[in-house]
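What follows is subunit A paired twice: with subunit B in the first complex and subunit C in the second.
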Partner chain A sequence: MTPTPPSKNVLINDQVAENITRTEELAYELRVNEVMTSSPKILSPEMIMRDVVEMFRKARISGAPVVQDENLVGIISMEDLIHCLCQSDLDAQASKYMTRNVLTVKGTDPVVEALKIFVSSKVGRLPVIDDQGRLIGILTKGDITRGLLKALQRDIQVEEIRKYRASHLFEDIESDRTSLILRYNIKPRDFTHGGAASSNIKRALLRLGASPQIARRCGIAVYEAEMNLIIHTLRGGVIRVEIEPNRISIEAYDDGPGIPDVELAMKPGYSTASEEIRELGFGAGMGLANIARCVDNMVIESVVDKGTRLKMRINLDKEESVGEGYSSRLDGGIS
Partner chain B sequence: MNLAQIVDQLHLTLLTEPRDLTELQPSGGYTSDLLSCVMSGAKQRSLWVTLQAHGNIVAVAALLDLCAVIITEGAQPEPATIEKANQEGIILLSTNEPSFAVVGKLWEIGLRSC
Partner chain C sequence: MKVSELIRVINGKLINDGADLEREVKGGCGADLMSDVLASIQPEAVLLTGLCNPQVVRTAQMADVAAIVFVRGKNPPRETIELATQERIALITSPFGMFELCGRLYQAGLPSLERSVSDGPSDLE
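And then the complex of A and B:
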């Protein structure tokens, strides 16, 4: 049969695409021949139904394709078997009870095509054929579930490898001072994306092999700086994170309005946020105090009408170093 | 005490996609509607009780590795917030009760560290 083309009335826009889960993606990426059971048990049209029952019982299957000269001619499922048993006709040949118009899928079809057939037809298994119509396997819903689970497992391994590679990033690069610089442009009043930069930085640090505590401290500091840019600046600002094996330097800078009294701004509980912003739960006056708690060093330079530059640093001792892998940490010797 | 028992005893509604809540053990609890206070006060894997329902609670919960967020007084997050929570693996729970009652019940059933 010809595979059903994807529904034409549903336009995949960015909004829809965002909501597609990894499992759904995989249903399109994986091919039927990657998840099917190859060389399945097959029956011949002449096989006696009594032997079919015996074979199902031994192989613990509930259906099998009927093949003649390499061509698929039918299928016997539980339903056919029950039909035969009701007639007390176990000495009949398979060809008498098999279902003849068999739904099939091609090995090269995406798994989603098979899923569509399973949903619309309620069959339990689909014979898989090649371009010449020869049987190459059989597909059940269980095969698809197993295939998807294996693929998801592979995804996790890929993330592990990615993490491993990133955690050795600096090892093979020779320079007097190697660093990785991440830049994020923050728009004013963009509460929708508030926290995106800090989440991305946290993820990057974890991939680079930072300890969860370091990633958390850095995430909190960057989050507060990010929200300050969103809440207070006129035209937004930039967050720049420089990652070196032994330190993380963060800068958040903007071009206005500037802080009139930095010392007062640092005081826990002091805030200039508007009522509207406070209703969203911001403006507790804790942002800069939180940053001070999370970083080893912070400096604020601010000129009214010119802008503000907030510099933060987190030092990493030998055990916490990022991007150099565990072996180099050992080489350096942990005191 | 695991999260499934808490959801059951406090009659909370799970807003994010279903997952096995029995394997999650909150380390403690924290309540505030001021995000910076949460940033400074909430411990890893703790439960956060708040009536804030906008998208930024997900960012806060993700950055702090919180166990789950209980949104009180029936405040309803936008679908985009729930979707973001699903992506970040954050559990959002909802109740019509006010924060005070929720915290009281959590204390009563034994979640007392903060």
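And then the complex of A and C:
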């Protein structure tokens, strides 16, 4: 939970930035006044320690700020209370046992500032003040944890809203046939980014409201097609996905080298891939068979030295999904 | 079995951040051929593999894999770790070999989520 703030002289490059988690980002984005407890229990300097104990017990708190004329003058924590109890001095005033030099944090500070103080000082709570030094709240580590969790929850909701909007994309558009077309250019031999297009397509389908089963079938089919373009083509190729309310049509095409015997290429286990490709976990001759298993309809047209065009279709109105061994949710289709 | 529990069963070490360790693992699948994985694995399985390149993560993402375990103490390269962090898939390394890992997890109650690939469309056989 503790962020690792960059030291002042180090520039954050992309490399470092990639390793920053969302929680760490939030520690910088969230302000103290967004996570603190507002209008906390406060004590006056004249309050008798016996009453302080009673108040802590009733409110189930273990510390509170001491305020005089709206100004923060001290804080009483468990440690101060124990000190008082050891002296059997419960009739004394709060001002006698309170800690006077109080560490504070401003409401407009980012949460990370408070975290730094918690880490370096071992205090359990920090009074929060405004620009005029008036007490506006109190902050514990628990408040920060709760605030971060709530913010993470909001992140999830943002994705939900995005999903909702996308899933209603077609609703307000009137045409005889509406579709959304996604295109991806695939580079040959680019194994590092291999699968990035499939990943984006799968995510897009989920946002559009496709069921997880449909997104999975589509993802696997496109991924195999994408890897084929990367492994086998001379100059790469294109993946084009057309999404309609009742079907997804995918095409993967390239301009060479072409497949001499399509029927043979479709046979599970048949492969022309090199040893190098096999070491990457591909080229086992399962790709086209896998695609056939995931889609409702598949056509390959190939001409040697001209290129290959692989067409795949997934229908969204079917009750049973082909080849996956379980049925897709009917209501999960793109609406 | 939760991912966190699985890590204990296999004396594993979590490699990346960002993954949900409370995620439920429903079974297992062990393979080094990614096309085999794509053909046979059922959703929410743990994938045991000796392959360390980023394609393992892409495969896992496409096939809804719950966690990836590298066998025989293997450690994946940086690109693989970065991709897994981005996609929030747990990467775990275990000192045991593939055989022992399958045995341990099966004994701990995880069923096989590897389906036979021979039940595909008959005209392709």
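To be clear about the criterion, the second predicted complex is superposed on the first by the 309 of 335 C-alpha atoms of A that agree within 3 Å, B and C clash if a C-alpha of one lies under 4 Å from a C-alpha of the other, contacts with A are read in each partner's own complex, and residues count from 1 in each chain.
The rule is simple: contacts are C-beta pairs under 8 Å (C-beta built on N, C-alpha and C of every residue); 3 or more make two chains touch, one makes a residue touch a chain.
This is a predicted model, so every value here is computed, not measured.
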Clash or fit (per the criteria above) of subunit B with subunit C on subunit A: clash
Which of subunit B and subunit C A:His232 touches, first, second, both or neither: neither
First (subunit B), second (subunit C), both or neither touched by A:Phe282: both
Most subunit A residues touched (candidates subunit B, subunit C): C
Touching partner for A:Lys116 - first (subunit B), second (subunit C), both, neither: neither
Partner chain in contact with A:Lys267 - subunit B first, subunit C second, else both or neither: second
First (subunit B), second (subunit C), both or neither touched by A:Arg207: neither
Touching partner for A:Arg125 - first (subunit B), second (subunit C), both, neither: neither
Contact residues common to both interfaces of subunit A (with subunit B and with subunit C): 18-19, 191-192, 194-196, 198-199, 202, 212, 216, 219-220, 223-224, 227, 280-287, 289-290, 293
Complex contacts: residues of subunit B adjacent to subunit A: 33-37, 39-40, 44, 50, 52, 54-60, 62-65, 80, 83, 88
Subunit C-facing residues of subunit A, complex: 18-19, 21-22, 191-192, 194-196, 198-199, 202, 212, 216, 219-220, 223-224, 227, 266-268, 280-287, 289-290, 292-293, 323, 325
Of subunit C, residues touching subunit A in the complex: 17-18, 32-36, 38-39, 42-43, 49, 51, 53-56, 58-59, 61-64, 79, 82, 85-87, 115, 117, 120-121, 124-125
Complex interface listing, subunit A residues touching subunit B: 18-19, 191-192, 194-196, 198-199, 202, 212, 216, 219-220, 223-224, 227, 280-287, 289-290, 293
